[in-house]
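Look for subunit A in each of the two complexes below; its partner is subunit B in the first and subunit C in the second.
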Partner chain A sequence: MWEYKKILEYPANVRRQDPDYASLVVTQFGGPDGELAASLRYISQMYTMPIPEGKATLNNIGTEELAHFEIIGTLVYKLVEGIPADVLKNTRFAPHYAQHGRANYPADAFGNAWTASYIQSHEDPVASIQEDLAAEQKARATYEYLIDMSDDPAIIDTLSFLREREVVHFQRFGEVLDLLYDYMDDYEEWG
Partner chain B sequence: MDRNRRPGSPVNVEMLREIMQLNFAMIETVLFLNTHPTCRPVLDLHNEFASRFNKLVERYQERYGPIYASYENAEYPWMWIEEPWPWEIKY
Partner chain C sequence: MEEEKQYVSGFEMDRVRLAHAYIPYQQYTDHYTPARALKQGTLYPELYMPYQPGPRGYY
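And now, the complex of A and B:
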């Protein structure tokens, strides 16, 4: 089960409000390489992972990704909080406002709703961990695009933290993959 | 953005940030230990971070209200619902 801590994993501030940027950074809330996809991918895969290191890694990284989902949600919320409709209507955020008001909704930067088709979960552990390694790289690249398009030092600070986490997760999944190969060498049926 | 706190719902951002730092340090030791379960130095580091985190959270909860809904010395009235929530704080 999960228990909420009434803290963020890392501070999420915005220096100034920016509805246009909200409609871009939202892709890490509900886009193909976003934090919701990351979390649900890992906590779906953990059940059939054959080695203890792999189960724990998927559980804890899946948990951390949900905390990142909250950090991105905080940025989107702060970027548009209290901005009147007649201002929002002239921004990229207008379609979001038409469908959701200022509430957060897991969608990508084009407005496409989150879908489980973004993720895969295989009983074959190598197939799953390879998917996870790719997912971490895609998330890292997305953070770099988003950082390149911001000039708000507070947002850049938070996105840089999240980018760095993807690098660490990639490292940990790489170690799980090595452990999986050792495990498979020990069991001929896998070889 | 009005970040003024209602009376009776204090928040100590400096102390919260310290809690967040220790929480993050633990996230790192946990992930590392998951793939290096026999690494004694990081295990010791983990225990030290966990101990400091738990002590600081306990002090925070006594003074400013619960970090966990399961806080055992909850005061009347129920403080868990007090704002600000983590997304409402200027850090």
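And now, the complex of A and C:
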């Protein structure tokens, strides 16, 4: 089960509202390399992971990614909260407003709805962990593109924290990969 | 520039096989204060690799 704390893992502040940027940063909410995809990927892969360190890492990071989903959701909503429709209609956010109003919706920067096709889950643990390493790199790169397109220091601060977490997660998955090699060597010798 | 890169000692090259990916296991060296770690996103100086926009587009 999960326990919920009614605080964000990291503050999500914006200096000024910006519906155009909301429609870009939303890709980390519901896009191919976003936080929802990361969380569900890891939490799905967890069950067949043969070593406890692998299970624990997937559970732990999958849980944290859900907290990041909440941070990005907060950012997106703060960027559009209370802005009148006649302002939104002249921004990149207009199609989103037409379909969802100002409600958050897990979609990418083009408006494509989130899909489980973004993720993979294999019984082969090496295949799954290498997918996870790639996912962390793609998320890091996406945060860098998003940082490149913002001039709001508060948003850049939040995105920089989330980007650094991708670097740390990459390291942790790399360590699991090493443990899996040891496990498989032992299995070949004794199994 | 090269000195700024963080190399990892003790990486066992003799167990490296072809067609395998390896990430060196982290060895504990030092840690930030909890307040700084929560701000930066890592407790460990050797894992703090902030984005520096540039031609390489990477840290």
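Odds and ends about this structure:
Note that in this section the second predicted complex is superposed on the first by the 188 of 191 C-alpha atoms of A that agree within 3 Å, B and C clash if a C-alpha of one lies under 4 Å from a C-alpha of the other, contacts with A are read in each partner's own complex, and residues count from 1 in each chain.
Following the convention adopted for this analysis, a residue touches a chain if its C-beta (ideal position, glycine included) is under 8 Å from a C-beta of that chain, and two chains touch if they have at least 3 such contacts.
These numbers come from a predicted model, not from an experiment.
Using the contact criterion defined above for the overlaid structures, shared-chain residue A:Q130 touches subunit C, although it does not reach subunit B.
Greater residue coverage of subunit A by touch, when subunit B is weighed against subunit C, goes to B. By the touch criterion defined above, A:Y181 reaches subunit C but does not reach subunit B. Touch criterion not met for A:T142: it reaches neither subunit B nor subunit C.
Once chain A of one complex is fitted onto chain A of the other, the partner contacts of A:F170 are limited to subunit C, with no touch recorded for subunit B. In the superposition on chain A, A:Q45 makes contact with neither subunit B nor subunit C.
After overlaying the two complexes on the shared chain, residue contacts for A:S23 are found with neither subunit B nor subunit C. Residues 10, 168, 175 of subunit A lie in contact with subunit B in one complex and with subunit C in the other. Here subunit C touches subunit A in the complex through residues 20-26, 38-42, 47-51, 53, 57-59, going by the rule given at the top. Residues of subunit B that touch subunit A in their complex: 1, 16-17, 19-20, 23-24, 27-28, 30-32, 34-37, 66-70, 80, 85-87, 89-91. Of all residues in subunit A, those touching subunit B in their complex are 3-13, 17, 53, 56-57, 60-61, 64, 70, 73-74, 77-78, 81-82, 168-169, 172, 175-176, 179. Residue ranges on subunit A touching subunit C, taken from their complex, read 10, 130, 133, 143-144, 147-148, 160-165, 167-168, 170-171, 173-175, 177-178, 181.
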